[in-house]
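Shared between the two complexes below is subunit A, which pairs with subunit B and subunit C, respectively.
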Partner chain A sequence: MSWDEKLLKQAKKIIKLYPQKRSALGTLLHLAQSKDGYISDDSISVISDLVGITEVQVKSVSTFYSMYKQEPTGKYLISVCKSISCEINNSSEVISKVQDFTGLNNNETDEDGLFTFEAVECIGACGGAPAMQVNYETVEGLTGDNAINLCNWLKEKQPDIVVADDMQKDFGGVKSFDWAITDNTGATSNAPGFQTLKTTKAKK
Partner chain B sequence: MNETILLTKHMRDNPEDSHLIESYEKNNGYTTAKNTLLNSSPENILEEIKSSNIRGRGGAGFPTGVKWGFLAEDEDRYLVINADESEPGTFKDRILLERDPHQLIEGMIITCFSANIKEAFIYIRGEYAKPARRVQQAVEQAYEKGYLGKNIFGSEVDLDIVVHLGAGAYICGEETALLNSLEGRRGEPRLKPPYFPAVKGLYMKPTLVNNVETISSVPWIIENGGEEYNKLGVEGSTGTRIFSLSGHVNNPGNYEIEMGTSFGEFVDTLGGGIRNNKKVKAYIPGGASAPWFRGDQLDIKMTIDDVANNNSMLGSGAVVMMDEDTNLVSAAKSIVSFFAHESCGQCTPCREGTTWLEMILDRIASGRGRTSDINLLLDVCDNISPGLTWPPKMTTICPLGPSAVSPITSLMNDFRDEVESLIPTKVLL
Partner chain C sequence: MSDKVNLNVNGIDIQSDSNKLLIEACEDSGIHIPRFCWHKRLDPVGMCRMCLVEIETPRGKMLVPSCTTEITDEMVVDTESDVVKKAQEGVLEFLLINHPLDCPICDKAGECPLQDQTMAYGPGESRFVEEKRHFEKPINISEIILLDRERCILCARCTRFSDEISGDPLIEFIQRGNKTEVNTFPNEPFKSYFSGNTVQICPVGALTSTSYRFKARPWDLKSTRSTCNGCSMGCSIELNSSQNKMLRILGVDNDSVNQGWLCDKGRYNFEYLNSEKRLKTPQKSINNNFVDVEIQDVYSELSEIIQDRKTKVNFLLGSNLANEDYVAFREFSKSISDTEQSFYINDDLLYQGHFGQDNELAKIDDLNSSDAIVVWAEDLKEKMPVLYLRVRQAVKKGVKLIVFGHTNKTLSDIADVFYGKETVSKNFEIIKDVSKLNEIKNYVIGKNVTAIIGKSTPQQSDDSVTELFEFLRSNSNTKILNAYTKGNIYGAFQTLENIKGTRDFVENISGENTDLLFIVGADPVGRSFYSNQIKSIIENLDTVVSLDIFNHETAELSNFVIPVSSTLGEKEGSFTNIEFRTSRIDKLVPSPGQTVSDWEFITSLMNFAGLSNDSNSLEDLNNKAFVNIETSSKPVFDNLDKPSNLDGIINVYEPAINTSENNSTEALFYTGEKLYGDSVTERHSESISLLGSKKFIEVSQDIVDKFNLTSGQCSMVQGDIETTVSYIINDNLPNDLIYIPINRRDLNKFDFSKEIKVLPSRVKEALNVN
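For the complex of A and B:
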């Protein structure tokens, strides 16, 4: 097994949260995503042992959900929304500008492993359309140019923690609602930043 | 018109720290739960919920008191909060999770007391990382204070809450798909029967599945009484509701209002009107699954029954305004693409049909449509939902497939000229 002791300990802690082991599967797959940037065969094998189901069962679940990536994903996962409220507020411009900047088609990762681009379905930021997420941290009220500026900033600064407030302040516009609460926590990988996964940190 | 502020009161009064337990308690937070556990009975709470006549805020509008009343007897019963908010146009649960997570937890404590439940889950969509962090932090704070865990508030009541992240599947908002997902399976809706998770739900045990907004309403209802809640709004749509307004409006956002005013008044007042003084060509009254209304139908009242009587649904409370310049074929294509992407693939009419609809609309939108495409669209729709009626007839396990039909029937009934104008006429050489 190639998950180190620390990760295995965390996995076992996650399993204990649930009445039945298999319920932890989704969370363990997020953990695997945060470890390698995708769901590796190795992780599938480890998780299958931990949960007590076959590797095929793990794989069949991991391929159902769009957030579990089947191939290595860049340090920054750029997900631009294309659902109805964004669509009628010109998300196509944001999509094409981000694609031009990164040189990526949908679901592609660049050679440096810096960016993965995807056009995604509704991210619940419809009042701040068009919107996108970087490692599942939301930026609202974008323009095509600001989306490029944001990508450029990511490329130059390469922050280890992606914080929504930072991105919104410099590159965002209209918001779905007043965020009100100042927040300097963010995501540390291209899995969602969440305490149980230890994929979130506060920026100093 | 004005808003009526119940659910969003604490976050408005304390914008900077409404997510923290200290702030919530300073404003009498958790006193209703405490009084309930120490001085009330499960039966009393159920009666208050029933007399409030609150209906579920997730989309289907099922009476909450009736749902709770269904819950079968069993040693193990569960509460699952459906926070998989993914209906395009909807962002009202997001604000409740991000800015007032303790209100939800307090609602859960009261709900679990009433239903004798000791274990609860909050299933939050994976893309809502920030809201999930806030909720997790709130759950941890509540444990520290002894408001969760064993002997809550010194009573005999125990309750554990686990915050669970989804992983990007709209279909998991369907309650049986959500339960499968929470069991560590593919998020595929379950065959019915069993019809109700309240009888056979998580691990085939009796399970209440309720929306975030519904359970966030519970503390107010219990504090003020079901009768008081019932006085708000109109018969059949009592209380307040948070509507998510988006599209071509001046002031998009979440608005908490009593149901019963017209869409037009809502948009013109709180929404600040349509941008650049344009006219509304069409609008979506209740999320992407809902059939559209025309711009000349803005006088329809925002109640569950009025919208249903006009052959659509109030759904998740997501109102999307599309102005006179909107390309409705592209808009419909966006919605159909959504359903094609989110189809779980179990049922052939949905899996194949939504993909066909997407392909045909794409062809028409890009100016390569054929004259036969209009009948083909309707034919595929008819295969998914025979007769194209509302409410839709089903050939599938869940309503996702028929939802993809909604925008197309709207287009064909009300905007057929616009579709036809995009199809090139024959050029004779």
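For the complex of A and C:
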């Protein structure tokens, strides 16, 4: 077992939430990702023991969903939308400029471990197309240049928490909706924002 | 509510049972719908879309997959419309996009559903000009199974089989979309006892076995239906040969027995037939050297011994003979019956069992219809793997499973109630605490119970098994399946009288009561729990005649070794399984050299010695086999060969087992057998020899601590016997009890009534010093 006591305790707490152990699989994979930044084979072995299914069954689920990363990502996972609304609003320019800036092809991570680039299907921000996400925190109404500014900022400042509202204010444009509620909870890693997993944090 | 529904398929009215799937209902009425993923014995999944048909709905005609659509009354179906044809062409065009079309080098070509259905329903040409998906060509997913992912059409038959049927899902879909592949977890090979079934049900050439790969083309194969004689399950099999060499065994769907499945041992333990090391000429031991002799000389020498009426003859028969062989020995025994003779069957676990009028015997199908199954026997997965599948199937349907004994490691995983070391003592007795059994009263009292009961280890007393059965019989409506697991042992029950096991052999046989011993198809010195005692007995006998396929440890001690043909594929005859179901054994390949059948040898000897003999053919012996069965459905060849009887005929019979009482002795060890071992046939079957060569013991954590074992290896020392084995921790074992699989090489050479020292492995210690 390569998980420490604390993590195992957290895992057991999660398993208790479900009527059947194997139902906890999805959340446990997120927990594994919050630990390593990706789903390691070690984590798969631990999870298979915890929920009582075979390792390959866990692997099967973890490789099916693209948000469970099979390899370590950089500190910032940049996901640019390539679906139809964004494409119409020139996301291809955003994609090519971000790629030029980072020097990365799709699903690649740079040598410093700073950026991972991916072009993804709809991220649910069609009203503010073109849009992209940094560690799943969304920025809408982008232009190619703004996207580069954003990447530049990430590269220079390297913030530990990225917050959607902040990035939107500094680099974004038109937004789909304005909920008028400030959300200063940001992402601390590429694991999607689950408070129970401590992958989100309010910015001080 | 009516149980039948009426459908109209392609304009024809058909009737079917109401809970069926459309594809099944059509199949039953002779209307074939093409399919890849649907399999009669697996849950429907709707992966391949090949079985699309049109049905009429309130919204007009609609394409639906017939494998996931249940039939309803008045359903109107078209399986041949233009729309359906177009859909089938489309599906096949898609399936072939990434299929490599390497039929010329593919083992499946000629019997490939993808190939056949592409010819029958395909578009004839492809519009796909892009690069196909590429994977590394076959990868080994286990020692005996190869996977070619390029050929895979993602039907999920193999993954569903391993999940639903065998319960060891070690292969699964990895990745998604265009990248989807079947694979194992890294460093976790597809080590299943049932992996060969996935090769058989694969509708393309993606899964192949190392055993059959590149050996033959389907159109060159000769085939016949026979019965597997590996264990007392008696699975129906199809034998395939080419150029007089046995090449493959397939499972045949016998609804009441194996339902199409086989264990890997049954499927691949035929390769020894083609071994170069087989005995081909009769041999005689002269000054401890074997020299080839003419069989006529053997007959005349043995005749002289037999004709001396004072000669005392005994038999030690293996459990893998055909019924007719047993009959031949019975007839021989009758013709020389001046002294009392016994038939010793090569089974360490033989005991009286529960037969006769007081006990209702169960059939395998009773497992599904009972309320609870109680098991107190050898580990079924190791000894009768396909019976394990049937138990598993019943449990999946909701039958409660109650398992007794730390000896049942694999069944404990699926049991509803497991009585392990807390209830079953180290000496294999159920601790007489009635309150413990209260737990299962709800499951058994007044219910229909199928009890699979037999001895699990030679040290176990006969009483311990009987006690549980008495408890069940007095509290519930219990049917019993006597768990004798060895080969055609029920055939021996049906044909022989005065049967004893190896334990009685050790107690009874000596130079005083035996001048001539026939050992037929048995290697007790190499395999038995009583190996050492049997060895010293045989060494002290005047004349020992061994009839076998290979030379082995027992044959080496004999005066004569006669090469015989194998019951698997080289003999005609019949086989009787655990529910007294007799089915046909058929011959497909000739046996090599001067080999004879066991019955041919013994009848020839009778004729040579001038003994009275009126059964000179296989048919004569077969007709005599079942003298005690008076029904019209006697399992003689004439009856067995009727098409309606291919699955076998059941005739329950009360055997004359004559073992002495075995009292419990203190058990220092628990000896059992694993599925794969080191018997002489397994050693000469390449695939199996890879699986059964590892030597190991199972121990409790207690023993690991006590002997300070750390390296994963340990030495076992007793006198001048020393062997290095790896150890596995088995939490089911009581403290201080070591499990030793005695069918692995040399592990039966210890004296299990005395202590064996367990030491940390010396080799590893030396490494630690360095």
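Operating definition for what follows: the second predicted complex is superposed on the first by the 203 of 204 C-alpha atoms of A that agree within 3 Å, B and C clash if a C-alpha of one lies under 4 Å from a C-alpha of the other, contacts with A are read in each partner's own complex, and residues count from 1 in each chain.
Following the convention adopted for this analysis, contacts are C-beta pairs under 8 Å (C-beta built on N, C-alpha and C of every residue); 3 or more make two chains touch, one makes a residue touch a chain.
In this text, all values refer to a predicted model and were calculated from it rather than measured experimentally.
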item: Contacts of A:S60 with subunit B and subunit C, given as first, second, both or neither; value: both
item: Of subunit C and subunit B, partner touching more subunit A residues; value: B
item: Touched partner set for A:I44, first subunit B, second subunit C, both or neither; value: second
item: Contacts of A:F194 with subunit B and subunit C, given as first, second, both or neither; value: first
item: First, second, both or neither for A:A129, with subunit B first and subunit C second; value: first
item: Common interface residues of subunit A - those touching subunit B in one complex and subunit C in the other; value: 53, 60, 64-66
item: Contact set on subunit C toward subunit A in their complex; value: 168-176, 183-186, 188
item: Subunit B residues touching subunit A - in the complex, by the definition given at the top; value: 11, 15-19, 76, 85-91, 93-95, 98-99, 119, 125-130, 132-133, 136-137, 140, 162-170, 181-188, 203, 244-248, 252-254, 284, 288, 318, 320, 322, 326, 330-331, 334-335, 337-338, 341-342, 344
item: Of subunit A, residues touching subunit C in the complex; value: 41, 44, 53-57, 59-60, 63-66
item: Footprint of subunit B on subunit A - complex, ascending; value: 17-27, 29-30, 51, 53, 60-61, 64-68, 79, 82-85, 87-89, 120-129, 133, 136-138, 164, 174, 176-183, 185, 187, 192-197, 200
